[in-house]
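Letters A, B, C, D and E mark the chains as written, and numbering starts fresh at 1 in each.
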Amino acid sequence: MTEPIIKIDAISKSFGNFQVLDGLSMQVMPREKLALIGPSGSGKTTILRILMTLERIDAGHIAIEGEQLYHMPKNGGLVAADERHLTKMRQKIGMVFQLFNLFPHMSVIDNVTLAPMLTKGVARAAAEKRAMELLDMVGMSEKAKAMPAQLSGGQKQRVAIARALALQPKIMLFDEVTSALDPELVEEVLNVLWKLCAETDMTMLLVTHEMGFAHDFADRVLFFDRGKIVEEGKPDEMFSNPKQERTQTFLRKIIAAGHRV
Amino acid sequence: MTEPIIKIDAISKSFGNFQVLDGLSMQVMPREKLALIGPSGSGKTTILRILMTLERIDAGHIAIEGEQLYHMPKNGGLVAADERHLTKMRQKIGMVFQLFNLFPHMSVIDNVTLAPMLTKGVARAAAEKRAMELLDMVGMSEKAKAMPAQLSGGQKQRVAIARALALQPKIMLFDEVTSALDPELVEEVLNVLWKLCAETDMTMLLVTHEMGFAHDFADRVLFFDRGKIVEEGKPDEMFSNPKQERTQTFLRKIIAAGHRV
Amino acid sequence: MTDWSGYLSLILQGAVVTVQLTVMGSALALVMAFVAGLGRLSRFAGLRWLATAYIEFFRGTSIFVQLFFAYFVLPFAGISLTPLQAGVLALGLNVGAYAAEVVRGAILSIGKEQYEACIALNLSRWQCMRRIIVPQALLVMLPTFGNNAIELLKATSVVSLISLADMTFQANIVRSQTGNTLFPFATILILYFAFAMIITFSIRALERRMARGLDGVRN
Amino acid sequence: QDNAKLEQLKAQGFARVAIANEPPYTAVGADGKVSGAAPDVAREVFKRLGVPDIVASISEYGAMIPGLQAGRHDVVTAGLFMKPERCAAVVYSEPVLCDAEALLVKKGNPKGFKSYADFAKDGATVGAPGGGTEEKLALDAGVPRAQVIVVPDGQSGLKMVQDGRIDAYSLPVLSINDLMKKAADENLEVIAPVEGAPVYCDGAAFKKGDEALRDAFNVELAKMKESGEFAKIIEPYGFSAAAAMSTTTAKLCAPAQ
Amino acid sequence: MEWDWNFVWQIMPTLIEGVKITILATLLGSVLAAVVGLGIALGRRSPNRILARGIGFVAEFIRGTPLLVQLYFIFYVLPDIGILLSPLVAGVIGLGLHYGTYTAEVYRAGIDNVPRGQWEAAKACNLSARQTWTRVILPQAIPPMIPALANYFIAMFKETPLLSAITVLELMNQAKSVANTYYRYIEPITLVGAFFLAISLVAVVLLRWLEHRYGRVER
């Protein structure tokens, strides 16, 4: 049996005295495409941020490919990870932010080529070639020379996706990456992700509130509420036949409103 | 016959030598709920920004309730409006931004009460009462004391909606105001907007890429592409039986993907 | 009749000294500003300490004392600097300490989300600083750097203490030798202003160049 | 004791002297050339000692003694009047330039000042250079601190008298005369000498340890005084050679009365 | 010379008088500079072109020329047109105007760095220009600028000795005068150094606290 690539073990996280996560455990298998859904404020973004090491955890353990993320072995025991260890671990992970976080002082193409050139030593020409391919996939090659401030919301989001993909990390975290996109583009982004999955062996975690997208994209769906996993399962099962009361209420309204799930 | 509340007459707008709008004309009737849809980068946000007087137009005229927005009468002719005129006209218009633009140095409740207290002279107690009602409607009353940086994406968006509604302008502009919300909340926001429409005589313009939302919400839908109105009509007609080729392509993928429109 | 052209050339000789001091002092100050400003933000407590000590010492004691020290006390320690060297050293270190705080403030003003984007792209701390944070912070620093350079320009007038004949000094000589206040003071006023305008316009031009394309972010 | 310092000066061909920016002690021509009573005397003495030239740098009073000690210049010839404490910090030659005190007042001396003590009486104000002899003399004469205004330079003092900000401005006689000459203001008047104020003299000041050089300087200075050449140099500037020759460094450096 | 504690106690009252004047001049000057700076920064953004240009030119001129010369002008030249100011008033005006042109640049940088979205949100909330400034822009612009502003207040404090040029009896002037009265330099000058360093350090600690308290706005 294959080992899980991400193993989250009883982690907790509070902001001040607001407890967001309380003893959460979950596992993700290599090449799995996992969708996290759940109401606003339930802690979905927080989980991705923790995996990206943007927040520290208060308790618990996380292992990536069997290696501890927030801890490292020292003198036989486990101690808190230092910056060096985190940097090493981060090589395996990439993230697309809900609010894009593009570098405002660089053109679109420079945003995409920067990281491959700096962290992987890819030559400029090769990096630009690859960047143009990615921009083309998301329909943004025309705006390669534009600055982020000159882009519309959806255009920014597509650049952010291309930027993260350029690094080809093993694990990719997407935070509501289709929020600014119209259905036509959602479709296209979905195709891009599928293509990448086929080409590489990326594992993907995706936070979304578009049930249709979650359904089409994911191998498995986790439904969150108040920092706890309420239910999980294959998209078809989950959406057509939710078991938990909370999931039913969440999905009922959507179905009632005629949304396809 | 009633006069249109917004009358856009042959306006043009370029950024540098990129022409976004070219001779666009359209009208909105009082109390109408209009949805603007179209592919990313087609100029939807730009139109709202122009109505909110955040961008200047290069040519054309806009009248709000029969009064010129970007021009004012002087010595018998029409001249470019000065800041004073714009400030006066802005009283009729409110906007919710795609990226929220909350005031980061103020708590949630202060964000919502600021404008009514300053621009309408509402007393603090009254403003806070109303703000709490609105926050309650969008499910944010618990976070009234929180700062924007402590909110999740969807929470920010709901505060932004409450802030704009607190002013009760005649015309309300929404830019992808449900992008960070899960379907459950979209539903709720829709209810809030309907309630407001029933209570007041607000006119609403809404940019969205959620066809379902557009369908449920709007009296009329405009389909944009490259800064031009390609097609317009009642939602039922438009979504079930689009006439233009471009609209058909846009909607076909969505329908093919099984989305309800 | 007083020979004004002769006295004018005296003041112009002083102006050359003033310009030399300003240019070289600014260069040193710029280096110190980044070294100490980044030092204060370092992860290493030792570096932070050193940078803080440098900044607080040079901000806390006056330029007069520092100049005096560089020129009259260092010779006792066997380091004999020429007046120009001593002047550049004292001015550069002094203004560098102020500018270091500007560097620090500007870097802290860059939003958290930019650091997060760096982490998500796995850039090292150094790469993030150099490619993402500093280029954006530079724009915040520039106007204040312009201020600092102008302050340095004007602070050069204290170097008369170590017998460097700068512009103000020459003007004072002309003033007491001729008994005329208006001529020398008006002359140096115009010269100082002209130099300051050169600094201001270069900084503005730089700012405009760097702000290109950022117009949607900045106002 | 051989005179190593002098040999060194001879070898390099010039001596570095510090001078002040105060006419007529120092004069700077429009061409930047330094003259004036003090440098002229020093130049002549050094020529006789076999050092062909002097290089003068204009310096602030506060920086002269530290500069001497740090070896930045070899001698100070600047109207740095001898005072017991200064004599302890440097070694002085025999007296060179002597001067009495004067007051600059409005035409007709409306308040009738004669001595520093007069300012104590009816709340009048007197201006003087900060840290100068005049300030100390006024304070010693019982003038309250608040009525002794520290003025940065001669031109400023003159202007303050003109504007009525102070009732009188005090400087050595020759300095005031020079100011008056340049200002050419008919509404002002000079009162000199101030009653009860002593006469002060300066000398060439050397670094401690350079006594041999100072002694050699004194020998040549004495010869010039005797031959009348000394008077020929300083009297055109308005200084009195007789005053310098009537007193000695030993007397002027003696601790206060 | 020996350090003489009796002498120290003897001159202390005089020096304390000087410290009082120095602190008074700095405080009044800082307040004036803070206000003048804001006035200039806002004035330069005025939609009235002529006003904006005029304020800009005057500010650049004051900023580009030495404080000393300006003090001379206020104190010695203004009487010619009938304005006779007391030394302290002239000094505070000089400091306030001069440093106001610096703080104006700091304000400008801070204002420029408030994201455009904030201006737009203010418009969408229909705030007036004045309300936008006082409630939205300045509260975000000023806190990050506190370190840079603090720099200037400390610098101003250390430049107060220049006021001796217009006969203000501040600390340095008092010290020189007692030094001369008693022919003892070590004690007064050392005490002045100690006073300056101590007051700057207290100010620095205070301002650090301020910066910590108000310095950052999370976006």
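Keep this in mind: a residue touches a chain if its C-beta (ideal position, glycine included) is under 8 Å from a C-beta of that chain, and two chains touch if they have at least 3 such contacts.
Fair warning: this is a prediction, and the values are worked out from it, not measured in the lab.
Colleague: Shared touching chains for chain C and chain D?
Modeller: E
Colleague: If you walk touching chains, what's the least steps from chain A to chain E?
Modeller: 2
Colleague: Suppose chain centres are the mean of their C-alpha atoms. Which chain sits farthest from chain A?
Modeller: D
Colleague: Compared with chain C, which chain's mean CA position is the farthest off?
Modeller: Farthest from chain C by mean C-alpha position: B.
Colleague: Which whole number of Å gives the spacing of the CA centres of chain D and chain E?
Modeller: Each chain's C-alpha centroid was found; their separation is 37 Å.
Colleague: What is the distance in Å between the mean C-alpha positions of chain B and chain D?
Modeller: 83
Colleague: Could you state the distance in Å from the CA-based centre of chain A to that of chain C?
Modeller: 46
Colleague: Could you state the distance in Å from the CA-based centre of chain A to that of chain B?
Modeller: 30
Colleague: Scan chain D for residues touching two or more other chains and write them down.
Modeller: In chain D, residues 159 touch at least two other chains, as defined above.
Colleague: List, in ascending order, every residue of chain E touching at least 2 other chains.
Modeller: Expected reply: 72, 76, 115, 218-219.
Colleague: Check each residue of chain A and list the ones that touch at least two other chains.
Modeller: Touching at least two other chains: 99, 150.
Colleague: Every touching chain pair, please?
Modeller: Applying the touch rule to all chain pairs gives A-B, A-C, B-E, C-D, C-E, D-E.
Colleague: For chain C, which residues are in contact with chain E within the complex?
Modeller: Touching chain E: residues 56, 59-65, 98, 101-102, 104-105, 108-109, 111-113, 140, 142-144, 146-147, 150-151, 154, 157, 168, 181, 185, 188-189, 192-193, 195-197, 200, 216-219 of chain C.
Colleague: Can you name the residues of chain E that touch chain B in the complex?
Modeller: Against chain B, the touching part of chain E is residues 47, 115, 117-118, 120-121, 123-129, 131, 135-136, 139-140, 143, 217-219.
Colleague: Across the complex, what residues on chain D touch chain E?
Modeller: Result: residues 83-85, 127, 130-132, 135-136, 139, 145, 149-152, 156, 159-160, 163, 165 of chain D touch chain E.
Colleague: Can you list the chain A residues touching chain B in their complex?
Modeller: My answer: residues 15, 37-41, 45, 98-99, 150-155, 158, 175-176, 179-185, 187, 209-212, 216, 250, 253-254, 257-260.
Colleague: Applying the document's contact rule, which stretches of chain E touch chain D when the two form their complex?
Modeller: My answer: residues 14, 72, 76, 79, 84, 164-165, 167, 169, 173, 176-177, 179-181, 183.
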